[in-house]
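Both complexes shown next keep subunit A, but they swap its partner, so subunit B is in the first and subunit C is in the second.
Let's look at the complex of A and B:
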């Protein structure tokens, strides 16, 4: 109970419950297409929020987050198609595979800071993509893997919807707890001022490494959610352009807000789906929206509703 | 407590700190003075690990900490504040100090407890002692410059240091704010028994609080002694004060 009082206001709990109930009832009113679309949005919300844990709350320039997402999806697909073991085990193993990749890439990249960190991650992530793209005998190369069996319980589009909804809600709750824990507080300190963090006795690199592993873990879960609805994986899942798209979701929704990236994900996927019907140049519209946003709402859409008295630039003393 | 011996730091051949010697005993309030560019801040960076010395030794409680990483130096019991405000801009005043307290308590990897309920009384105690308690919920980036400088000190106190290093704690402050900071330093030294090493340009402040003063010029330590010894030292007058009698203020 103490935990709830410390983390959530009454208003937040009520809004959360109302949203959850609404999402639980929605499939009764929606067509299959919209159920599929929402299930996809849940997965991407989870992905964007996991990115923002290290980006907005940790200040790390995580330029290639999709690699952990794709890696989780592939780990799940390969486990299910090649091991012959129960599929549910795949759901447990895949996020840990992503976390392991987070550890390996993190051990190399956290030695650098800011842009250098981001660029190195981009190159190493692209390397993982290239291996996946070329290793036909194991990963299926650019064809990917199709027809991945999903447990019957969640095999239908409604089943997948509920599964994605519950997993995403549980993961968002967990991430919210982490962001508000001492670890999260320290992480925000590192975002604001890594030098000062070192001076108060914090091992910044180790903290960032752990953050990277946690973010990769949740991205891996998002990857398995994607496979649950699509039943297939392909190298594009870990291509760098998708990482950039996820990054834009965070900036668009508001990367200093916990729910900002989820909102960004909703906006981008909706725009892509509906504007995409009329024109293949939907990114043009997105680009325009983004430009306006940078000028008028540099801290994202959510900053419209939640004003913070934060100076946008550090004052020099 | 702290002995700096024959310390050197060279930047591409330029000796910013050259053969510096400094001795700080437990309970001392030691001031480092010297003209701009004398190497005071570099010396502090070397002690706290932000920079690695080219040669020489820094003994803290008999252990050589020269070249040690900043977070390890901090864990040995040395905290510092900065000349230019160096705080966590987006966090509240409370959270700024809390980060340091959580670090001191080794809780930075705790991921399941709400931070809001942790280290609250200690953080509030520190904020109370520096007079920032009523502003604890304000975002630190929106504080006045004077308050930010005080917050600097408060963050440094979060680690319960044995040696507190303050780099120009009153730089840019109004005379009133300077007086408040001076009283704060007196209290930290008197009531908490903290050992303080600081550098400062305000001579009035230096001579009113320091128990010992070290004078630096062009990277070298000229003299370390009591305020009277320093005031009457001919070399100091010529080198630093240009012969003028400013020390008597």
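Let's look at the complex of A and C:
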């Protein structure tokens, strides 16, 4: 009970419950398209929040997070289409595959810090993308895999909506607990001062590796959620530009807030969907908005309304 | 039996030469990226987009000046300068205000820049293929001891060392190069002795982008000029810079050689999985030397 009180203020709990009930009731009032859109937004919210675990709370330059998302989606798709075992097992296996990739890439990348870490991750992630893109016989190459069977229970758009809602809510809760656990506190300590953490006996690289694996795990879950809605996977899921878009979501919402990236994801996906109806030059608009953000709102939308959860990062020279 | 070895030797020789021409383009693009990374510490993801703009501009200028040999040379000169001008304007108006910010912001700014460029290219040139023919005396091929070799590739092979020598001269023998190398190590100190660091950064950024444009201009006659050229090159350039050592021009050359040669020999050995060879080389290098083969500037 003590932990419970420390983690959540009464206000947070009430807002959370109200939101959850609202989302549970929403499908009764919405058309199929909006239900689909919301389900997609849930998956991307989870992806952006998992990125922010290492980016905002760990201070790691996770430049290529989408590779874990895409890898989870592919792992699920390949398991379901090739193994013939029950589909539900895929939902369990896929996140662990992503976590494994997080471990393998992490073993190489966490030896480096800051920009070097980020660039190395960008490159190695692109390697995974390149293999997926070329390996026609196994991954379907640039066509991807389509018509992936989804269990009947969540096969309808409403079913997928509820599944994504519940999984995303549970994962966000879990991530919130992790961020505020002793592990999460250490992680934030490393972000603010890695040298001091090293000096007091924390194994910085191991902490970062574990953080990387956890973030990859949740990104993998987000990947399976995407497949649940779309029923298909394609290499663009793990292309580096998508990672950058996810970074923009974190920036837009505010990466010093736990819920910031989720808010950013909501804004980006919604605006993209509706702007996309009117113009094909969506990326031009995104680019201009991003420039404005960097200049005028570098701490995100939430910073307009709240004091940030965590102090801002130090500039390094 | 003798015949077979003859064939494979000929094709090996040819593939190596083709790989070396590819290396030239990769080196020119990657060295620009490396220069900007080494001095400004910015992973410029818009670098590939500038390369694409360079190629499209070369096409446009070449058609503007008429499809003559003179027009081609003019286009080859003007297009990279055009790219440099764009980058100069963006750097002075927007980018220079961000140097004090975190790397993440700089990276995202260059990404925004690349998004805007990408759509501007679509707006200006449309989404069709473009192709450019080299002037007559660079067309066709001649034989080196019996093996045919395209003339344009030989021209590329000559450009590589020229650019490398130019960059070496710039960074080691000129004042601005020396200041830039000092600023890469300690920009506050360089500023403290009264040098306009921001101006030096602008110069380095523009030169780096010029090299992207030059790479695009040189590659224009050898392939279709399309949307998506930017994405194809940028990751390769990043990998080359990383395995070479950030900011190290010779590292970029070494990285480009490894990348270009493993790629072209891979095509000979296992055509379907040619792409995997350079990546494998990269992974092997990185496992043993995570900071790259040669010393990085910071």
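Note that the second predicted complex is superposed on the first by the 307 of 317 C-alpha atoms of A that agree within 3 Å, B and C clash if a C-alpha of one lies under 4 Å from a C-alpha of the other, contacts with A are read in each partner's own complex, and residues count from 1 in each chain.
One rule holds in what follows: a contact is a pair of C-beta atoms (placed from the backbone, for glycine too) under 8 Å apart; a residue touches a chain by one contact, two chains touch by 3 or more.
It should be emphasised that the depicted structure is a prediction, and the values quoted were computed from it without experimental measurement.
Enquirer: Examine A:295 and indicate which partner it touches, taking first as subunit B and second as subunit C; both and neither are also allowed.
Expert: Second partner only.
Enquirer: With the two complexes superposed on chain A, say which partner A:193 touches: subunit B (first), subunit C (second), both, or neither.
Expert: first
Enquirer: Once chain A of both complexes is superposed, is A:210 in touch with subunit B (first), subunit C (second), both, or neither?
Expert: First partner only.
Enquirer: Per the contact definition in the header, classify A:283: touching subunit B only (first), subunit C only (second), both, or neither.
Expert: second
Enquirer: Name the residues of subunit A shared by its contacts with subunit B and its contacts with subunit C.
Expert: Common interface on subunit A, subunit B vs subunit C: 315, 317.
Enquirer: Can you name the residues of subunit B that touch subunit A in the complex?
Expert: 48-50, 69-71, 74-75, 79-80, 82, 84-91, 95, 98-100, 102-104, 107-118, 138-139, 141-142, 145, 148-149, 155-156, 158-159, 171-172
Enquirer: Under the touch definition given earlier, write down the residues of subunit A that touch subunit B in their complex.
Expert: 2-3, 6-7, 177-178, 180-186, 188-189, 191-193, 195-204, 207, 210, 214, 256, 308-311, 314-317
Enquirer: Name, in rising order, each residue of subunit C that touches subunit A in their complex.
Expert: 41, 43, 45, 94, 97-98, 100-105, 107-109, 111-116, 118-120, 122-123, 187-188, 231, 235, 238-239, 241-242, 246, 272-273, 275-276, 279, 282-283, 286-287, 290-291
Enquirer: Which positions of subunit A touch subunit C when the two form their complex?
Expert: 55, 61, 63, 108, 111-112, 114-116, 118-120, 122-124, 126-127, 130-131, 134, 239-241, 244, 247-248, 251, 281, 283-284, 286-288, 290-291, 294-295, 298, 313, 315, 317
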